[in-house]
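The next block holds one structure in the form of structure tokens; read it before the comments.
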Amino acid sequence: MKHEHAPVPVISKSRLEFLFDGVFAIAMTILVLELKVPELVDQRSIIELARALVHEASTFVSYLISFVVLGVFWYRHNQQYHSYHAVSRGMLVLHFVQLAAAAFFPFCAAIFGRYPTNALSQVVYLGCILVYAWASFANWVVAKRSGSIAAELTEAAYRHSRTRLLRWCLLVSALFAVYLIRTLARLA
Amino acid sequence: MKHEHAPVPVISKSRLEFLFDGVFAIAMTILVLELKVPELVDQRSIIELARALVHEASTFVSYLISFVVLGVFWYRHNQQYHSYHAVSRGMLVLHFVQLAAAAFFPFCAAIFGRYPTNALSQVVYLGCILVYAWASFANWVVAKRSGSIAAELTEAAYRHSRTRLLRWCLLVSALFAVYLIRTLARLA
Amino acid sequence: MKHEHAPVPVISKSRLEFLFDGVFAIAMTILVLELKVPELVDQRSIIELARALVHEASTFVSYLISFVVLGVFWYRHNQQYHSYHAVSRGMLVLHFVQLAAAAFFPFCAAIFGRYPTNALSQVVYLGCILVYAWASFANWVVAKRSGSIAAELTEAAYRHSRTRLLRWCLLVSALFAVYLIRTLARLA
Amino acid sequence: MKHEHAPVPVISKSRLEFLFDGVFAIAMTILVLELKVPELVDQRSIIELARALVHEASTFVSYLISFVVLGVFWYRHNQQYHSYHAVSRGMLVLHFVQLAAAAFFPFCAAIFGRYPTNALSQVVYLGCILVYAWASFANWVVAKRSGSIAAELTEAAYRHSRTRLLRWCLLVSALFAVYLIRTLARLA
């Protein structure tokens, strides 16, 4: 498992970081665009506005959960990225998979917020997290194989992080499987 | 109150700054998405367009106020952030609370702009500012406790800023309380 | 006119630049959100789609003009900003005026694109440019007065730029005045 | 073909890079705004949600293709930009053409995703890519002529990249021509 050879940097580390942070900042901010200003009959009615906002409660909850999910993704990426001294072609492709999942996430959050009790919307939401999680894990492994991990990181530290990432992926996969099976069972 | 120990940096200061500035730039710019192009019957009618724009006047005012609020938030954060030499785990979490409030702010601005005379929309608007303000204050205190404040900043300067932040939080809390009570009183 | 004293930097030059570039990148990109995908009866009809796009022609033109306007604003800011060695409080406030105008610009572009022949939409569009232009000019003068202009810039170069900025402001003001008067005349 | 003279830098390389990355991050993220949350009669119905999502399938595919297209554009720009040691006036203008095309791309992706079988929507989509591709190529040639290419890049490497860019432009042009002719033929 230790084919370390000279890395093939294909992109400046800082520019990819830049694009990554930009996409996350935007995804986190446009989550809110799903929250719609309600139409009130009596503009001054507190009760009517309160009812309209309560009606959107699941979208608010989805907003909060999704913000936390994106925040955790971003934080984890930070820690991984810190250990790379270069970005190889495979890592770049996997970064784009992560970015596509992150940019797609506001749509999943919107569906989940609107139809929280719909089994399929839960599957879509978890599916997006699943793609992101496995791309993160693959990134870490590919980074090691292409020799892009900084020399300061010991083999033990690399393996420790890999185990943690894998555990996270398996957890999300198990959740996804449960929800997928439940959804299919309801259809049968 | 002076448990200074070695800070536990969990994230690069510049990347968090980056995400922060990104979220603020986007929040400030999408405020305008709430302003809708009116539908005119006579496309060339000056009177009709003027009436339609006047009809949206409160949304314009909310846009301006909200832009200033976000600008002041951003500026204050700048000054605080400058004094940190590291970001600890607690500070990171509090930063995410600040970011969630800032990203949520365009929705509050939209509700307030649409229903400026609705007591509840005022409470929502102030509530978002309240969350942001207290998270800022907590960030400052947590930074001190985790030893993340740069050595150049004297104890007196730290306390001075803390007092100023606290005064700001109390002012917003008082305003929020007044509006909340007024809203509840109207319901009773 | 030469009260140069020590500058009072209130903000890191790079962070303000960051926020500025972020707001411009977003404003330039959300201009396109005003272009709506038309609803077609026959999804495969070339003629129907062509007619729908031609119907939006003025919005396309407004998109292009507005993109160029924001590009020129951004470029000019770049050149000005390069000459500052610090940002004083007055300059910060004026930067926020510029940012508010830039963030507001997509709305003006949308109104202008939808009602290009409406005299008032032209006035609104030019009014936004007017605010930006004068804030740019004021920034330059305030920078000089607060001693924030880099020592490398000669007095002659400063005056040359000031004259150019003033000429630009006067041109925009004249255009704005003509359109405003024309609009008022039509009302009378 | 080798009029190398002193370059005329008109803008800081890093700020243009910044604006470029910002516009790309936003364009990539707002692609998703075209995906609409469907309206369901029965909120818990898996079948109904599945049908609604399948109905949007072409928009999902357009999202994925367009994300890849923007990713490839961004990556290619990265490689080109790395070879410049300055940005001349002509290059700045061409960069703005590239940015305008990239910012316009979400609209093309939305039309293409909605009407994938409409010959005109394909032409519009390819037309946007065409403008971007030729502006990239022109940028490379203009960079050489204005002496803005770093000395480290050999003449052979420059020519190699130029050939590759040209081949790409010709491929896109050929595709565009085929689709344009097909569209015109259907009209006749």
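Labels A, B, C and D are assigned to the chains in the order they are written; within every chain, residues are numbered from 1.
Please note the rule applied: a contact is a pair of C-beta atoms (placed from the backbone, for glycine too) under 8 Å apart; a residue touches a chain by one contact, two chains touch by 3 or more.
Fair warning: this is a prediction, and the values are worked out from it, not measured in the lab.
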- [ ] Report back the single chain whose CA centre is most distant from the CA centre of subunit A.
- [x] C
Task: Proportion of interface numbers common to subunit A and subunit D (over half same, under half different) - done: different
Task: Interchain centroid distance [CA atoms averaged], subunit B/subunit D, Å - done: 35
Task: Rounded Å distance, subunit B centre to subunit C centre (Cα mean) - done: 25
Open item on the list: Two-or-more-chain contact residues of subunit A, please, as numbers and ranges.
Closed with: 18, 22, 25-26, 30, 33
Task: subunit B to subunit C touching residues, read off their complex - done: 17-18, 21-22, 24-26, 28-33, 35, 37, 40, 43-47, 49-50, 53, 63-64, 67-68, 71, 74-75, 78, 82
Task: subunit C residues within the subunit B interface of the complex - done: 10-12, 15, 18-19, 22-23, 25-27, 30, 33-34, 92, 96, 99-100, 103-104, 106-107, 110-111, 114-115, 117-121, 124, 183, 186-187
